[in-house]
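First subunit A sits with subunit B, and in the next complex the same chain sits with subunit C.
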Partner chain A sequence: MSVHVPVRLGPAESKLIEQLTAAGAVAEAERLTGSGLPTRRVEAYHYTDLKQLLRAVPELAGAAEAASAPALRVAGAHQLMIANGIVQESGTAPAGVIVGKTTGGVLSTRDDIVTRLNNALVGEALTLELDGSVDPVIQIDRRTEGGAGHSTSAAKIYVGDGSSAVILDTYSGSDEAHLGNHATYLALGKNAKVTHITVNLAGSKATHFASNEYHLAEGAQLRTLIINAGAALSRTQLFPKYEGAGAHADVTGLNLVSDGQHADITMDALHAVPHTSSKPLFKSIARGRSRAVVQGRLVVARDAQKTDAKLMSQGLMLSDEAEILAKPELEIYADDVVCGHGATSGQLDEDHMFYLLSRGIPKAEAETMLVRAFLAELIDPIEDQALNEALTDVVDGWLARG
Partner chain B sequence: MTTPMLEIRNLHVRIEEREILRGVNLIVPKGEVHAIMGRNGSGKSTLSYVLAGKEDYEVTEGEVLLDGVNILEMEPSDRAVAGLFLAFQYPIEIPGVATMTFLKAALNAQRKARGESEISTPDFMKAVRDAGKALHIDADMLKRALNVGFSGGEKKRAEILQMALLKPKMCILDETDSGLDIDALKVVSDGVNALRGPDRSMLVITHYQRLLNHIVPDVVHVFSDGRVVESGGKDLALELEGKGYAGFDEEKAA
Partner chain C sequence: MARYDIPTLKEEIEDDTVEKVLALDVENYKYGFETKLEVERAPKGLSEEVIRFISMKKEEPEWMLEWRLDAYKRWLTMDEPTWAKVHYPKIDFQDMYYYAAPKSSNRPKSLDEVDPALLEMYEKLGVPLKERELLAGVEQPRVAVDAVIDSVSVATTFRAELNKMGIIFCSISEAIREYPDLVKQYLGSVVPVSDNYYATLNSAVFTDGSFCYIPKGVRCPMELSTYFRINEAKTGQFERTLLIADEGAYVSYLEGCTAPARNEHQLHAAVVELVAMKDAEIKYSTVQNWFPGDKDGKGGVYNFVTKRGDCRGDNSKISWTQVETGSAITWKYPSCILRGDNSSGEFYSIAISNGYQQVDSGTKMLHLGKNTTSRIISKGIAAGFSDNTYRGQVSAHAKAKGARNFTQCDSLLIGDKCGAHTVPYIESRNASAVFEHEATTSKISDDQMFYCMQRGLSEEEAVALIVNGFVRDVLQHLPMEFMVETQKLISISLEGSVG
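== the complex of A and B ==
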């Protein structure tokens, strides 16, 4: 028999419950009332204790105009926009692209507050059907504009069999204490080849939540690059599911945190069928008093023989007060698999640094060169030249703000 | 008397409480090539690192003047810009940094510090190609990450390539000959000799008289237990070759 101890609710939780109730999501409101926000005792939130970290939730955001240019411009990209959760009109879609809208949540139901909130509060979702070899980079420019607000956005993307596409999600907005909760559902058809880049450039007072659910059919090839560079508090969750033989993903991510920031990339992957593979590689660079978190969970189903999955987390600390925390978790139910994980964390190599300095390269430039070298593995595989340069600029910009 | 290119006065250096350099005195006049010979562990590389400005060393006494300017308080990059160059005994591999990017950054950093404009890409390519050719450096090698996967000899040649590009006024070569085959030794020596001139001085650290047949020094210094114990003409190297450091130490003790 268990004794029910009521959870003491803080102002953030009360506000969320109020918002869920107002949206008619009564069951979700009751659920949150019972559980409260996850604390470090919840494994998936061990290093990102939302009860501690999420102190306040702003009012639900109303519609807003996004007047400014996108936070990240990529030459030749086709732009779509979701502002404060509302899908905006866009220009003529390029060949092979069908743009639409749907209502309701796009994510699978799971025991996770961030995804549940998104499903419950999202009004409309952008839908994309991509077919053939889609040429321009498809950019979804997600904004949280106006005064501090809680907004929820979602996109549901299908990439047809044998098709290829590069999708870029960028998140930015006015410099207010927003709470943005963004969802992406991305299904790759058989032998589809997709690169999905997300760049969180939310303002310095904002909280940024993102959840990406990936479904990979037979032979599908996915590369992700998840960059957390903005927001005071950010958590990006990745849920790749390998559903067809030969499916492979290079799930890569990068936390760039400065003084006062907390960024978290959490992956929960499921290898569901035999002969799938993945190479999750996460890197974090932390400076000032900051914290970067990487959690990687690999679940290999009983039937998923011959799964080949290697999870790696690497951290670079540029200050003594920076913290980089990595937690791998392997849950393997099949017996004939090659799975592993590793984690390293340290500072810039002193010998490397001295060598560059000894040739006259000033310290700041040498540091930039070494940081770029650390990140080359993540940026180099991005083939689209303009996109590659834009991402390099994001990193260089972050370094320059040092 | 004109200002020497390098003047080391009573230099004492510690690493973690242990005194490695114990009163080094050395003068290299402009345009001269001096050799340092000394047994393993006597502190030759330590001296070269201290001159280049590596951290972890505590200078407890003494001065180092580069062309009359005390450099001990300067950052390593400022020393390089001031014209000091160390060809490392063990060049460092830096994965992820392209060799060409590195060379250009180094060259431009030095030009910028001297108030010159950035080198144009064609000029840069030509300079690297010419220097590479003289040192028999394969162009493909320069497409790789800095020193990564270079053989021992290739690394040494790459150091001299950097030296040729950066045109320093004070070159310190720490065992540049070790790891070089006979032909490479000749090529590298020719490369070094080509850089000799009235405005450039060199300090060549080596264990072998052989190198000094190619790069003929003006003065040879014998280094022992953290200091210069004897200096002489190029014949000193031959004498050393003959009786070894032990014989030399005994003579000193006598």
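== the complex of A and C ==
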């Protein structure tokens, strides 16, 4: 009955199709030709309309030349590097760590353009096998270097049964209009305990996509902290899957956006078996004319009785031009669960400000104190002291730039 | 009573609650009878000719026909929305009738002239079509009813009495003929012609519904209500309701709906527009009880409804209350546009699904003016094989300084073959806007909780009491027939709530 209009492709889409075709991913190219980039009508991209926001895609990046200094240094960390998608040689691995390389995509296939592009365009992936109690922080320093380029990186990490590790992913590079699409596949064995931190400090003209897929076996404990502070447009996607009884994750994230930035953290979590728990907590601070997005979806499968999940999204607005958009979704098919979600947004509490000002603390300082208090919930649980300090510096640096 | 097996049931859920939900068992649908009436229909299917036929039958002026045809042209270019969490086979819009009217419905002058078969039907449905006189010394709640069957309004009661106060209450078809200026001014001003697929379809083919205008400063002395009934097979119902409360006016309006039990699906695509001017208040309550389909999910009404209220003036208030128990598929989001400063919107919803029903319902609160407030209380209860989704949007425009929203949605699952989902969209574009969205039961005012609990109520009892308190405020205004039914539903407590 209705007249169907074929999807009109923009320059970004045409370039991606060209790149997919050149990489031999003909099926993906056709798929994109048929659907185009997702618009706000696609629920998962409701607040990050890629058709509008992604105006241009640079040429595929070549091998990286001289790399700049890492954006974030953590004392004592063991550093690995992926530059423009290419896994670099690294020094001797610490005890319990096996570093390797593999080819092809690392993410599960899903109906999502960012992960599909990553799987189709990634050349090689870094592999890590962690066993026992891995002592130093393992840092994967991912760069987009040289002139503006489209680069794709991937890492596949296995953490053995009963092992523990702290993994830090950092994203930075030269100040060009890069498009970086990064993937991390992280599987936790039985009773493994992992902290996974990602810090996006991409350049101010860059577009940053990251997709993290987590698999939690029985009794596995995961803590994540996603910090989106860089890039003009960034979207970090989290796909935790709770596959064994007793698995628990504190999935946390933070959008720090200033004038002209758009940052999105989207989680799609699946509680697949009984007796798992999660506590996703996302915060956003927006200033200037900017937009912070948090989308969280908790799916509790039919059999996943006794799931205990509480999803929280909090927004703090520091300017009248800022936008904070949240969509905390629950999709529940099991009847004996405790699931909840909450969302708040507002500005700094006037009473709190008054209290501090009346005690002679200057306005800027009082604001900083309150913002730090707002963020303490995310940073404090990071036990490694050097890492905790490095992350505090990232936040302080962002606050100071305001 | 329990015809469905409930393999696993949480211990905390009281038997009473289960029984009450199962009492809504689709097999027990008591309005499923069909009344044999002689009817006149438009040719089957949808085309310009059918729209001209409807317009001609309604003796509409030329501008109305133009409006309809324009909507039809737009509709042809639109796609069916797919974002809702409902699944159904594609609707064949050519395989139904867009106009059906009882032959005897040629606007009887008084109720005495109404076809007795019709009166009997309404009697059976428990809808009072007789204007009961006030008994000496006995205050009876009175309700003015506009009765709409299939595509026409057959009777409107208490018109003369309302007219004395300047209140216009009639079917929309009459309003188009008799008050064209008012209709022209407001029709489509809240839900634009091209708002969405079903609203556009409605604009093209709407047949009847109610029109109500409350003049400046008038408090409507009785409840106004419309009772919708789909009687004919293979007939879609496209109602259009327009309510205007002028400055300082007040009106409470109720709506009820039922349909015969049939094997095939029937489409109901309504548009309701409310306009509240400065200091005006509108309360709009719905008890939606369309045929939900049988226990195997066969038949049932597809209920695709666009309801929106515009708080156009300062200090205006619009309150939606809905009790949703019927329909195979519900797709309905009664919304408030909070345009005037200090205006406020409310949405209270109880959605209960059983059998193979699918509900995707919620609200939109769009804060545009300064110091606007809104409150959303939604309870979804799913049983059988049903899916029950709350979908709600709260947004603050950059100019909506001091906007405030409180949202609470609770869901309860009974049995392990159903699903309960919550999809809130929270969009803040103003730093001074304060939004709170809570899906747990602990965030009702601590003071109220404290008060109830120190008098010996358990936390759950206290929550139930407080939530009921909010809703009851509106329910008190429902006519007896609705209130009894609704209170039965609301007495279902919150124990074991999730999300």
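We take it that the second predicted complex is superposed on the first by the 396 of 402 C-alpha atoms of A that agree within 3 Å, B and C clash if a C-alpha of one lies under 4 Å from a C-alpha of the other, contacts with A are read in each partner's own complex, and residues count from 1 in each chain.
The definition used in the following text is that contacts are C-beta pairs under 8 Å (C-beta built on N, C-alpha and C of every residue); 3 or more make two chains touch, one makes a residue touch a chain.
Note that the structure is a prediction, hence the values are computed from the model and not measured.
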| query | Touching A:R302 in the superposition: subunit B (first), subunit C (second), both, neither? | reply | second
| Who does A:V7 touch here: subunit B (first), subunit C (second), both, or neither? | neither
| request: Could you let me know whether more residues of subunit A are touched by subunit B or by subunit C? | output: C
| message | Touch test for A:L330: subunit B only (first), subunit C only (second), both, or neither? | response | second
| task | Could you tell me if A:E43 is touching subunit B, subunit C, both of them or neither one (first, second, both, neither)? | result | second
| task | Go through the superposed model and pick first if A:G342 touches only subunit B, second if only subunit C, both, or neither. | result | second
| said: Just to be sure I read the superposition right, which of the two partners does A:M369 touch: subunit B = first, subunit C = second, or both, or neither? | reply: first
| query | Where does A:A23 make contact in the superposed view: on subunit B (first), on subunit C (second), on both, or on neither? | reply | neither
| message | I'd like to check the shared interface: which positions of subunit A are touched by both subunit B and subunit C across the two complexes? | response | none
| Of subunit B, residues touching subunit A in the complex | 52-55, 75-77, 79-81, 85-86, 88, 91-92, 94-97, 101-102, 105-106, 109-110, 113, 145, 162, 166
| Where on subunit A is subunit C touching in the complex? | 1-4, 41, 43, 46, 302, 305, 313, 315, 317-347
| task | In the complex, go through subunit C and note every residue touching subunit A. | result | 8-10, 76-80, 83, 93-94, 398, 411, 413-416, 418-440, 498-499
| query | Where on subunit A is subunit B touching in the complex? | reply | 350-352, 354-363, 365-366, 369-370, 372-374, 376-377
